[in-house]
Amino acid sequence: MKGFFYPRSATGRSSLLPPPPWHYSGDLLTIEYRTDPTKVAALLPAPLTPADEDPGAVALIWADWQSCGDSKEELLDPIRAQYKEAFAVVRCKFEGRTYSRCIYIWVDKDFAMLRGIHQGYPKKLGSIHMTRPHPYGPAPRLAPGAVFGATLAAADRRIADAVITLRGEAEKNGFVNGHPMAHHRWLPAIDSKGGDAHSELIESTAAKFEGGKPWAADVESFKLYDVPTEELAGLEVKEIIGGYYRQIGVTWNGGRTLVPSPR
Amino acid sequence: MKGFFYPRSATGRSSLLPPPPWHYSGDLLTIEYRTDPTKVAALLPAPLTPADEDPGAVALIWADWQSCGDSKEELLDPIRAQYKEAFAVVRCKFEGRTYSRCIYIWVDKDFAMLRGIHQGYPKKLGSIHMTRPHPYGPAPRLAPGAVFGATLAAADRRIADAVITLRGEAEKNGFVNGHPMAHHRWLPAIDSKGGDAHSELIESTAAKFEGGKPWAADVESFKLYDVPTEELAGLEVKEIIGGYYRQIGVTWNGGRTLVPSPR
Amino acid sequence: MKGFFYPRSATGRSSLLPPPPWHYSGDLLTIEYRTDPTKVAALLPAPLTPADEDPGAVALIWADWQSCGDSKEELLDPIRAQYKEAFAVVRCKFEGRTYSRCIYIWVDKDFAMLRGIHQGYPKKLGSIHMTRPHPYGPAPRLAPGAVFGATLAAADRRIADAVITLRGEAEKNGFVNGHPMAHHRWLPAIDSKGGDAHSELIESTAAKFEGGKPWAADVESFKLYDVPTEELAGLEVKEIIGGYYRQIGVTWNGGRTLVPSPR
Amino acid sequence: MKGFFYPRSATGRSSLLPPPPWHYSGDLLTIEYRTDPTKVAALLPAPLTPADEDPGAVALIWADWQSCGDSKEELLDPIRAQYKEAFAVVRCKFEGRTYSRCIYIWVDKDFAMLRGIHQGYPKKLGSIHMTRPHPYGPAPRLAPGAVFGATLAAADRRIADAVITLRGEAEKNGFVNGHPMAHHRWLPAIDSKGGDAHSELIESTAAKFEGGKPWAADVESFKLYDVPTEELAGLEVKEIIGGYYRQIGVTWNGGRTLVPSPR
């Protein structure tokens, strides 16, 4: 039986995902801010602990991707390559090392959702939109003063939106999402008595990375909407740290187990 | 940390899924047919073996659902309750007992996709449509001679469609999907050397069931389209067994492990 | 060149719409309420004037339809037949007669949007959901005490939602949407100097109608959300009149000109 | 009453469209080919006649747009600015002058559909995808040898797809879509006796234009699929003329009447 994940068949042709490595081209629009650190701590299951420095820092990141496996064939049937996502990242500590961790994430395609199960991203479907830079007409260039909007909705409710103005080049694309990711891969037990059949703490990071200079941006507007089905707005904005925009290329090729699933 | 599956939080409020039991109201339109038994056998990983009788029987089932957890709150925010699916089922044998097994399935909502990961259904997103019975106007009643259509697409390609005419009441709603389900719950290893971190064979079946009398139907038209991203059409139609329509209510409340994940 | 509306071709086969009559099967969930009558009057262009009685009455109606032309072929390729809509209706007066008039409407399919251009409905695309009655499982029956939810969103923002509980049979399905419709069919002038190339006041009503007994319902919850792209919430709820649910079949077969387009 | 088109209100705030001018930034992927000229002629209603030269030339154009009115506010709530379209263009003659004419078009947003009614484009909703150039990662740069795919579907059926490889800079972005557009603005009569209440032949062209150098491309693959709801495949490909890719900025600000609607 072939096929990296579901479905598996004799040929693997219909599998929703090719095996890693997975390659990505995309634009990131990032807002970093500080919330109450106890709210972040409440989202970190043992053995993770809060980061030593700035433990209330949060990044909300919008991304507009084209992705593919090694054959790159998805790029030419682009409904299978293009997707957008928005995700909230915090930092945490494990065995003395600082990690990034995605606590909420919305994507708009099934292949992205299934990759999330593999990588430990807590994915839901959402509707994500970002202004795209363009060299002609009314859309913004990548240049000082250019204005970009980003919006997020799920289940027919607006969850977050933001407007930023590019200021100039920056050294870094923020700091909250800059560490290897520490994620839990959970699979609840089938017998409904509760508990997980699989619960593994893993680390993963980019296998390859290239990108343009990050842009620092002024955050003109940033709203988190309180809706019954989400908890992102519970991470209230106490203080804006900054806005960023960056174009990147990245390859993901698996990770490693930090804490294996208990038996 | 609360939340049945992803995401987990202090309250569990934003979790995409409530814990089972999950309750469903819906209509099923079923086409049963025979294909080459070796094609079915090729989709059965060890330790499953082909069914003793009619090992080439396949059911393609369209379903139009409203589903919810015990609180039933999703029913009143129906974007979170309503979904449609189409799925192909075959039979197999394990330790002398006959099981049903879903080999391909498409759904149109994220909560259904994540439930599939838990239950071992190989779910992709698709676009699924079924004629709905209605007591007034041009739509069909549930009565002899009523005509229903069903269509399935994914990644912007039509995969299957069917038209059936209700004939009269039947004793059973087909036989291929009538056994407990035997599914694999797979989670690929994170290190990309291949293999699975979790690979469990489970059994599950309805915890509660009610329904109207099944309708037997003539299959007026039934097409499987050969598309590059799917393998359903590889299960060629050698002979139509029959068509069925049924309205049901069902509760799913977990299952049990048949073969635990190897260590 | 054949084809009722766009596109037209030698055969008309690819036309988005067959010619009328158009036939519909569907369920209507209606909330009637009173707002400030001056807000309603501000939405009535000359020569329409406010209704004599209860001029601040508004109906917000959710509808879950299957529709088709005389061939009924759309019903068997149901992506071309099924759509949902939500629309706000007020009453007005023309030449001494009372009319209903749709002031805002959202639909989820292109064929419904193009029909709106023909009929003078001010249609946008939206995301509309309604609980559906079902005879089995957790979904409600059409019976006293049954609870139904309805939601409306557009451009990724929730615009309205409601929950009603069926009480018992009613004589009427409300009164606001009970008159012939008086709509303007506008086509702006192509030269951008402003003004309309076509501006016709028309009347239309159902050519054929059948339906079950209406249900009267208690309105448990009814919210209009203030969003930047819509004005529905400007018609504030001063007083709830009532809730209704009804299953109907209806045929629309054109209307007549009340005031022709000026030259 | 304010509002360029539907809906109109006291403020015009909820109108789906701002008044022109409308500004666009976008990428165009074009395939030009020859079909049987009688098939093109059959799509030209009087008083239009076939073009003198190359009367069987057809362009199928995919476009990925961001558009807005003069306020540009849609760009910052990008679900209201971004859309994709695919459209087939032929040439025709009126009073001795050559025009381009769109004969089939699919878009993926309501504002684009309503603009089409104003401009005489025969729009349906569709699902349109194009590979996007990107400076990093696996997606193609705008450079010789770069490969782009484009796909079109509607009503859950694939209608067309293409793959092109950029070769080098070209003088022109093809020739079929290079003239002012000659379109009919039709509004069928409301009384269903047939005929149009409004039938106007208009001309329109870009009010402002900027763009990069066009790219000439090899057409690696180009398929039109025969589906029951469309007639594009009836314009069979007899000979490929060429492929093109271009990034442009354009402003549309109305047109003028060539033949007014008869009375």
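Miscellaneous remarks
A, B, C and D are the chain letters, set down in written order, and residue numbers restart from 1 in every chain.
Quick note on the criterion: contacts are C-beta pairs under 8 Å (C-beta built on N, C-alpha and C of every residue); 3 or more make two chains touch, one makes a residue touch a chain.
Remember, predicted model here, so these are calculated numbers, not experimental data.
Superposition on CA atoms relates subunit B and subunit C by a rotation of 180 degrees, given as a multiple of 5.
At the subunit A-subunit B interface, residue numbers used by both copies make up over half of all numbers present, so the two copies contact each other through mostly the same positions. Just to note, of C-D and A-D, the chains joined by more C-beta pairs in contact are C-D. Between subunit A and subunit D the centroid-to-centroid distance comes to 35 Å (mean Cα coordinates, whole Å). Centre to centre, using the average C-alpha position, subunit C and subunit D are separated by 30 Å.
Annotation for subunit A: residues 77, 79, 127, 129, 151, 156 touch two or more other chains.
By the touch criterion given at the top, residues 23-26, 66-68, 72, 75-79, 81-82, 127, 129-132, 134-140, 147-151, 161, 163, 210-212, 247-251 of subunit C touch subunit B in their complex. On the subunit C side of its complex with subunit A, the touching residues are 127, 129, 151, 153, 156-158, 227. In the complex of the two chains, the subunit A residues touching subunit B come out as 1, 4-11, 13-14, 16, 19-21, 42-43, 45, 77, 79-80, 103-105, 109-110, 113-114, 116-119, 121-125, 155-156, 185-188, 190-194, 197-198, 200, 202, 204, 228-232, 253-257, 261, 263.
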